[in-house]
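One chain, chain A, appears in both complexes that follow, with chain B as partner in the first and chain C in the second.
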Partner chain A sequence: MATINGKDIRKLVVACDAGMGSSVMLASTLRKQLGKTGVTVEHTPVNSIPADADVVVCHSGLAARARSVAPDKPIVPFQIFLGDPAVTKVVKAIQQGTDLNV
Partner chain B sequence: MSELLDPRAIRLAEKAADRDDAIRRCGQALVDIGATEPGYIDTMLAREQSISTYVGEGVAIPHGTLAGKDLVKRDALAVLRFPEGVDWGGETVTVCVAIAAQGDGHVDLLAALAEILLDEDQARELREATEPETVIRLLGTIQEETES
Partner chain C sequence: MASSYTPEVSGGGFRARVQKLGGHLAGMVMPNIGAIIAWGLITALFIPVGWLPNENLAELVDPMIKYLLPVLIGYTGGRMVHGQRGAVVGATATMGVVVGADVPMFLGAMIIGPLTAYVLRLFDNAIDGRIKPGFEMLVDNFSAGIIGGGFAILGKLAIGPVVNGLTKAAGSGVDWLLDHSLMPLVSVLVEPAKVLFLNNAINHGVFSPLGVQQVAESGKSILFMIESNPGPGLGLLLAYFFFGPKSLRPTTPAAMIIHFFGGIHEIYFPYVLMKPRLILALMAGGASGVATFMIFGAGTVASPAPGSIFAFVAVTAKGSHVGMFLGVLIAAAVTFGVAALLLGFGKLKSDQEPDDDTTSEAKTPEEIADEPAVPAQRTASEDETDSTRKENA
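The block that comes next holds the complex of A and B.
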């Protein structure tokens, strides 16, 4: 368990297996929700999570792989592609500059 | 838009025995329009076995694995509707938006789909669409709104 403050998140990465489906969709909705905050939202295959990612959001089924690829990054696993409470928490932490436990 | 969403790949009165059958039909639509090699279909089945592509509101977005990307010839979507519904690991899927993509050409369309699914009325309209024009209008109109 680690804590990251929403203010310190500059780049959020949505990781997926192929990076062509659900991660694209989630990234587009997050980009819209976070548009005003200036946070960069990218979607990538889980095997190529960029080094400058501040937080990684991925399906719970891929969380273990994401942790092995990016052991030093906060990983937020989710179950539902649209409207998952775990993802909503990340958005709130960024918008309000509050702490996020991951 | 028309290149991504070929009317020949909008099939709104499909029937499938189960989830795998539905995915094969989706994959076949992508193969039929020349978007992928036939081998792509197996990677779609593999992806679904590892993590479901159900995204909510009776919609799934089947697509291949990372390895399957090599079998994509051009970015394209297929929209298949199963009026009788297909059991999708406990959820009922009525509409599949199948994806073949190497690049990011389809991102706007998926963004539009996300918007549709977050709006109950539009999600229902998509589930009940019987004409390809309705699907094109839903995905197309929202896309313009997102861009503005």
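The block that comes next holds the complex of A and C.
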């Protein structure tokens, strides 16, 4: 397991197929939850994950593509768009500065 | 262990490759949906059979579909390959395929835009660092000008006529499906592909280019309504709400709102991937919806994107609203019925927990690595083995 500390996350990227639909929705939710932490939350198409992303969140159906585009980034795949435990763990790790296994 | 999140550097997997190709096609169209909707609304309003026929304003219709939209697609395709310089040569070269063509050249633009930008990128890489100081701008401008102009000529002479023929052939293929009432069968292919996150690729990569051609000919198209119909997803979420695993039921009302009114269909895909046999319900619902649209001759004037009921109301062609609402409702009802049956009306014990482990905690890295490939193979045919396994368990 690779581990990343929540304190080291400055930029979280939510990726979806087009970068216009579901990623925007999840990004706005996460932006609200992470508002106080100062972490930048961005949404992008999965084909153009920015180089300065610290952690990438995307649906497990797109994880293979995310890994091929950003092989050196921690990818957090999730299953459901609302209240997925994998996403909740990322938020917790950032808020509390704890370690996150990805 | 760095490899735990980097298991597939090559971007392996058939599904990832198809998704990627489709993502490129859709990526050229999706940023331009606003312009397509503008064109669709102007068409719906001002053509002779529209809401407010107006000859003067209807003059906008033809140049927008023939020039503006393909050039925007060629521009965006070029930009995806080689930034702003790629965008400029992509748009330039696209003019070569659109001038003189008698169909909207979406497909031609999707080919020549990125191709021209790719050639310019090769050139830029080849001369990188070899230009004498002070001559950069001269070389940059004339390389783009010569390559863009050259591909415009190539497009006019060679690529345009070929793509023109292909687009016409695809168009008559669609006509054939419509004439023989086979259109509902398209749902059997579309619905499974959709939940594998090929929704944008299908809708904007395949249906949009053919749909605008139909709108240009007859003022409306059913093709825009096949993938984007929010009915099947609504029916599925309703079935989950009443009969799904108890732990998931509370999440479905919010998902329904986001799906049906917000038009973000991705939100229901996971519920299908957890119980792949439910794809049968979506196929049945989607096909019933398309059949209803066909019987009522319903069509929209542009892609309802996102696939929200509000977007549907806005772009449905004059006189098609009854058929549209019925198609959406029937699709939802059929999907709900079949999905409820497949979920055993909530009485199957094995169904009270999701098939897939949604708390990805328990997963080893190997499982996570395998995961993306798994749902791709879970087609409807494997669905049987899936449920047999459960009965044995």
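Here is the rule we use: the second predicted complex is superposed on the first by the 102 of 102 C-alpha atoms of A that agree within 3 Å, B and C clash if a C-alpha of one lies under 4 Å from a C-alpha of the other, contacts with A are read in each partner's own complex, and residues count from 1 in each chain.
Keep in mind that, in the parts below, a contact is a pair of C-beta atoms (placed from the backbone, for glycine too) under 8 Å apart; a residue touches a chain by one contact, two chains touch by 3 or more.
These numbers were taken from a predicted model, which means no experiment stands behind them.
Once the complexes are laid over each other on chain A, chain B and chain C cannot both fit and instead clash.
When the two structures are aligned on the shared chain, A:Pro45 is found in touch with chain B and with chain C.
When the two complexes are overlaid on their common chain A, residue A:Ala63 makes contact with chain C while staying clear of chain B. Of the two partner chains placed by the overlay, chain B and chain C both lie in contact with A:Gly21. Of the two partner chains placed around the shared chain by superposition, chain B and chain C are both touched by A:Gly83. Contacts of A:Ala2 after superposition on the shared chain: chain C is touched, whereas chain B is not. Set against each other, chain B and chain C touch different numbers of residues in chain A, with C touching more.
When the shared chain is aligned, no partner comes close enough to touch A:Gly97: not chain B, not chain C. Contacts of A:Asp72 after superposition: chain C is touched, whereas chain B is not reached.
Contact with neither chain B nor chain C is seen for A:Gly35 once the two complexes are overlaid on the shared chain.
Once both structures are placed on chain A, chain A residues 17-18, 20-22, 25, 45, 47, 59, 61-62, 80-83 are touched by chain B and, in the other complex, by chain C. Interface of chain C with chain A (complex): residues 1-2, 4-13, 15-16, 19-20, 23-24, 26-27, 30-31, 196-197, 199-201, 248, 251, 254-255, 258, 262-267, 269-271, 273-274, 306, 356, 358-361, 365, 368, 371-373, 375. If you check the complex, the residues on chain B that touch chain A are 47, 50-51, 53-56, 61-66, 68-69, 99, 101, 104, 106-107, 110-111, 113-115, 117-118, 146.
Against chain C, in their complex, chain A makes its touches with residues 1-2, 16-18, 20-22, 25, 45-47, 59-65, 67-69, 71-75, 77-86, 89, 102. Within the complex formed with chain B, the residues of chain A that make contact are 17-22, 24-26, 28-29, 32, 45, 47, 59, 61-62, 80-83.
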